[in-house]
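Each of the two complexes below includes chain A, the first together with chain B, the second together with chain C.
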Partner chain A sequence: MATRKVNFKRPQNFLFFLNLLSLSLVILYNKSFDRLSVGVVVGLTLTIYISNLLLLKISSGDHYLLQIVSMMMSLGIIMIYRINPELGFTQVIWYVIGIMTFYLTYFIIKKITFWPKCMKLYIGASFLLFLLTLIFGSTIKGATNWIQIRGHTFQPVEVIKILFVFFLASYYVNRNKFENKYILSIIVYLHIGFLFIQKDLGSAMLFYMVFIVIFYVYENDRKFILINIIAAILMAILGYFAFGHVQIRVEAWLNPWSDISGNGYQITQSLFAIAEGGFLGKGIGNGYPSFIPEVQTDFIFSAICEELGILTGIAVIMLFLILIYRGIKISLEQKNQFYRIVALGITLTLGFQTFIILGGVTKLIPLTGITLPFLSYGGSSLVMSFAALGILQVASEYIYSEQEENYEQGTKEDN
Partner chain B sequence: MNKEQKRIIKVLFLLSILFISLIVYLTYFELFRAEEVKNSSYNKRPANDEYVLRGSIYDRNKTLLAYSTKSNDDAQVRNYEYNNLYSHIIGYYDNIYGQSGLEKSYNSALSDSNVIDDVKNVFFQVLDNFKINEENIPLIKESQGHSLVLTIDHALQQYTKEQLGNRKGSIVVMNPKNGDILSMVNYPDFNPNDLSNNWEKISSDEENPLINRATEGLYTPGSIYKIITTTAALETEGIDTQFNCEGEINIGGFILKDQSAHGNVNLSEALIKSCNVSFGQIGVQLGQDNLNNISEKFMFNKKIPFDINTKKSIFPKNKMDKAEIGSTSIGQGKLEVTPLNMALMTSAIANNGEMMTPNLVKSVINSNGTIIEESEPKVLSTVTTSEIANNITEMMVDVVNQGTGTQAKINGINVAGKTGTAQNSGKDHVWFVAFAPAENPQIAISVLLENNGGSGGANAAPIARNIIIKALNNIQQ
Partner chain C sequence: MFDIIFSGLSSIFRYLFILLIYLFMFGIIRLIYLDIKGIKNKEIRGNTYLKLINRKDSLPFKVDEFYSLVSNVTIGRSKNNKIIIKDPYISKKHAKIIKERNQYFIEDLNSANGTFLNSEEIMDAAILKNGDIITIGSINFLFVTEQ
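Let's look at the complex of A and B:
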């Protein structure tokens, strides 16, 4: 029995040793050992163990999702704790809240079965949130997409991301009843338009990408997809000339070195960090992540590259790729069409969001400020990512519903 | 597989391409672009791993000479307490211009922190947090590199610089018995605190203030080389050293001159009067091989192991004719020496024929003050027997008492010295090498004034005298 307790076949044990090693390194180089460090070590380890063990008992679906995310959370928290011990501890608390949200979402989504019938509710809720943001929103980091409630800030767009996926799924599930691709397009572009007004270009790009891919998979009118893509390109070009903040982003991407102290500052600081790190990194505690503004949120990946090397950076990318693979696998195997589309939508959201921010901080594509799911510091983003994961967890299970009978019909229509 | 599933697989394919392109791009960036990006002047990161606070540098009496401080954004600043005074010994440490001097040769020691110290620090903090650090051991939250304790005597270094003043040249003062360098000053020098503002000027200056003249400057030795010729003459049997100096002599078609006719002189008198006629003829008798061998015992053509970079003194390797041997044996010809080498030559005579390895760093200590590395006196080369060395010492005492070096005479102390005035393409270099007290040498010194145009006895000897007095007083305290 004793040998079974240190069984390396169980990923949790691997993770436990990874966390122990890296956290003791952080403690060594931060030269701080206090209640916070104990809190982080104990909190992180316990949360990973309990959440994964609990899942084995509760869910019959995919157990790898949460394990992959546990690994991401570990890397994120280690890095955030290294940058700022207090934020690291707060992030552990958010992790606990995130796990609670994960299980809560899991049960709610599983128990309630009328989700496909509430399309109008999703649209209404989304637009209500957008309006609230416009009215009460405060501007942080150049984007007006934050709402402050008694000193706490949260980003409504994190909730809208899930509502948007639910809306698209319920539209295609119910298309026998009301199919109107024009109204669909208008509603989608309204979403994107709102995001544009808030100057949240990253999310606008994300919503469009998720929409166009789901459109590509489910829309019968193939020509209309092409028209949409062309229209989007035209709008992007128009947007570039019409809006100053779009031009700034593009210029900072094409040549950040020409305005290094101004608009190119963030991206060049990020590139310095990645360049300094090399393949193996400087080692935890030996880099200068604090030189990058917003390092614990948007630029956490650059900090990881600096101190843990781009090999770890590549490992993070691979983790997301595995998560995407699991998500796609779920949507391929799910018999229930609604959950099939939801699984695809959530996978796309996580995947594109990751690509947009990683491509941004490495200067592969223009930089737009969105968080790296499960790694960045931040409450609403993390909690909603866990909610999305909870939904994906439900989708990974066998779900019986009315749609199953319509399944054959649905595919025939597709043909 | 239905159409929907096929399309979803295509979507997976698309996402995979996106993510793999990220990986490829990152790898490309790291392989081909990183170096250029890293070297951007906007990169605030220090070129070296500076999470360890760079160690300090002290003189032999623990006077602080150089230390580092951390600014708010974690970047380190190197402070040189005495500006120009140690520009060639300690050198500079700069993110852009690199390192020189001890900052370069001891870079790893200065930036090395003790892993055990790091672990200890955390351990003590644990004790402190749980309120069990009853002895209240102070916590050092900073990893600090090792520090250097130099053999330099700060007071003497300052005095040496005062004595050299704004004359181009180099002075090396050392303890002949153990090789400790007590002071080493060159002019022109530079201020390492203010490198970035003056780099253009310093690096393009024709007088080369960046060069450590004492260890890297090569100069014609002139008559101080006669100490080596004398050593060779005493070591070799059957050398005729009795001459009648008529003021000049033709050796192989080249006329060697003296300032005046010295008349009948033996070896001792020849050295006292620095008689070129005598030494020219002694050299011819000795021959090139003999002179070469004894010079190499005095570390010519050999790298002198030292804590900072040194250049080799040169004894020419080409086949010499009689005329060249004649001029080489009086310290002219193609001979080139470093001031450090001349100080070592003098020390070897002072130390009964044993040349000690020169030392600049007495010990390396860690942040707790514990000695990690200590320099031990080592014999570098045995140049001659103690009888011959003592014999030469007597001659050199007479040089100061009654010969060309009377300006270095000190009441109550026997100083052994030798003057030199070296012809070269510019104005004459003037030299004076000496040690004192002759019976029990404590101090050996080499003074060089570059292109001074005067004579060693008149211009260099008084400087040596002053420094010897100061140094002996220092030791007595």
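Let's look at the complex of A and C:
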């Protein structure tokens, strides 16, 4: 009875055992018992455990966010390690960098208080990154949204996601100073236009969805919101007829079986993999996830379903649901208007991103290349997701308003 | 041979993994449930407590709806008080509530703006009765003791 009580109070214990067991199994599968692999297993398990304990000491806010994310993260690493040990090792390094970014962002965002005042900086930085991508961008997997620096590639759009949320938040905080909904929507549509030029349809959809929800929550002019939605639908129809790559995506979604060896190959292989797994999955190492192209990034969910079963797949979706629930609750409880909108924006970004890719791999909506946050392989995606989580962690705490702070400093001398 | 043993091992382990993942989620959901339940249960905290009279959202600083008075309690703006309220009109160490022989006393700790009991300033210490209104800074508390 006593042990049971202790166990349930600390869900990270389950995570600890899961990591230890599954990573050992993966090492067994890869037949690599060298010092490096053992180091990864022990190191990763301890890093996850300690980083969760550390957060309890540091932050007075929400303690569930990092635990939920650690669980998703572990499932991702297990799968990537099993698919390709080299990529798995890189992912572990990215994870460690991600955790450091999480704590670093947490302290930076908390220390600096002038975030709502630099709206123009956010817009400028976003457009600078977009222009850099246009000029220096290299095309990988059909989308021109990568920048290569000495062999290292990164996706600027991951940074722009956070800048975009900050921009919307600072606009609505300072709305009485420069409220102009037309300029706001022009800037937002410019963002989406740039993404469309880069052929990054998933991100374009994501930005639009985040924008329209925040717009719906904070804009007073109801008619203008409706006009925006109608205009977007018209633009989507126009885009379908004007661009060939949109047509291919939609056709592969409506009937992938007609071109099973060509455009429909990826999505049909994903469906086969999910079906093959059944309820309990094949077991790690017993499936064939590498049949799906891009399995380690966009299609990680199909691989998890195949080898660990649809029950784990449902668990992944439920983990995201809990994460989004916590995010919305943080946003509702936060008194500071800026952090309120930022928390909502980040939660929406994570939520819609999950919806777009999970809908894509299960053939619910047309497939667009976008990563599954915290699970997919990819450095910039992972690090920026952790940065977003760090901001959400700050938003979950009580933030003293500037007036209070000033008074605190002014009255230090009394009694 | 290795492959057969491994695939067998892996098929057994998958049950364990799913079990662990769901236990973890159960743990998280249980903690969240306790968290939500705790918010409601704060209303019933012992027999004696301070109840906030001001509307909570009219105050620009953090203050709870209820403060239980289980043992001796100090009120003030600095961090080493039991009840911390960041009101600018409250001193670092403002007042103290003491329990002695089933009676509650409130004592002013030489605060700058004073402590008021039923809108009369307390000079040293005063006995608290059920239904008394304590004014500290811009905050009004109702003293409740149920016996």
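Keep this in mind: the second predicted complex is superposed on the first by the 391 of 415 C-alpha atoms of A that agree within 3 Å, B and C clash if a C-alpha of one lies under 4 Å from a C-alpha of the other, contacts with A are read in each partner's own complex, and residues count from 1 in each chain.
FYI, a residue touches a chain if its C-beta (ideal position, glycine included) is under 8 Å from a C-beta of that chain, and two chains touch if they have at least 3 such contacts.
Since the structure is predicted, the reported quantities are computational estimates derived from the model, not experimental observations.
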Review point. Which of the two partners, first being chain B and second being chain C, lies in contact with A:Ser22: first, second, both, or neither?
Key: second
Point to revise | Which superposed partner A:Ser331 touches (first chain B, second chain C, both, neither) | key: first
Exercise for review: Go through the superposed model and pick first if A:Tyr182 touches only chain B, second if only chain C, both, or neither.
Suggested key: neither
Practice item. Determine, under the contact definition given at the top, whether A:Phe33 touches first (chain B), second (chain C), both, or neither. Key: first
Review point. First (chain B), second (chain C), both or neither: which does A:Gly351 touch?
Key: first
Exercise for review: Applying the touch criterion given at the start, work out whether A:Phe114 contacts chain B, chain C, both or neither, answering first, second, both or neither.
Suggested key: neither
Review point. Which of the two partners, first being chain B and second being chain C, lies in contact with A:Phe272: first, second, both, or neither?
Key: first
Check your understanding: Counting only touches as set out at the top, which of chain B and chain C does A:Gly285 meet: first, second, both, neither?
Key -> both
Point to revise | First, second, both or neither for A:Ile310, with chain B first and chain C second | key: first
Review point. Can you list the residues of chain A that touch chain B in one structure and chain C in the other?
Key: 28-29, 31, 282, 285-286, 318, 325, 411, 414-415
Check your understanding: Which of the residues in chain A come into contact with chain B in the complex?
Key -> 27-29, 31-35, 213, 216-218, 257, 260-261, 268, 271-272, 274-276, 278-279, 282, 285-288, 290-291, 305, 310, 313-314, 317-318, 320-321, 324-325, 328, 331-332, 344, 348, 351, 354-355, 358-359, 362, 364, 411, 414-415
**Study point:** Complex contact set, residues of chain A against chain C
**Key:** 7-11, 14-15, 17-18, 21-22, 25, 28-29, 31, 64, 67-68, 71, 75, 280-286, 307-309, 311-312, 315, 318-319, 322, 325-326, 398, 400-401, 403-404, 407-408, 411, 414-415
**Study point:** Sites on chain C touched by chain A in the complex
**Key:** 2, 6-7, 9-11, 13-18, 20-32, 60-62, 86, 88, 91-93, 110-112
**Study point:** Residue ranges of chain B in contact with chain A within the complex
**Key:** 2-5, 7-9, 11-12, 14-16, 18-19, 21-23, 25-27, 29-30, 33-35, 37-38, 40, 42-45, 49, 51, 73-74, 118-119, 121-122, 125-126, 129, 141-143
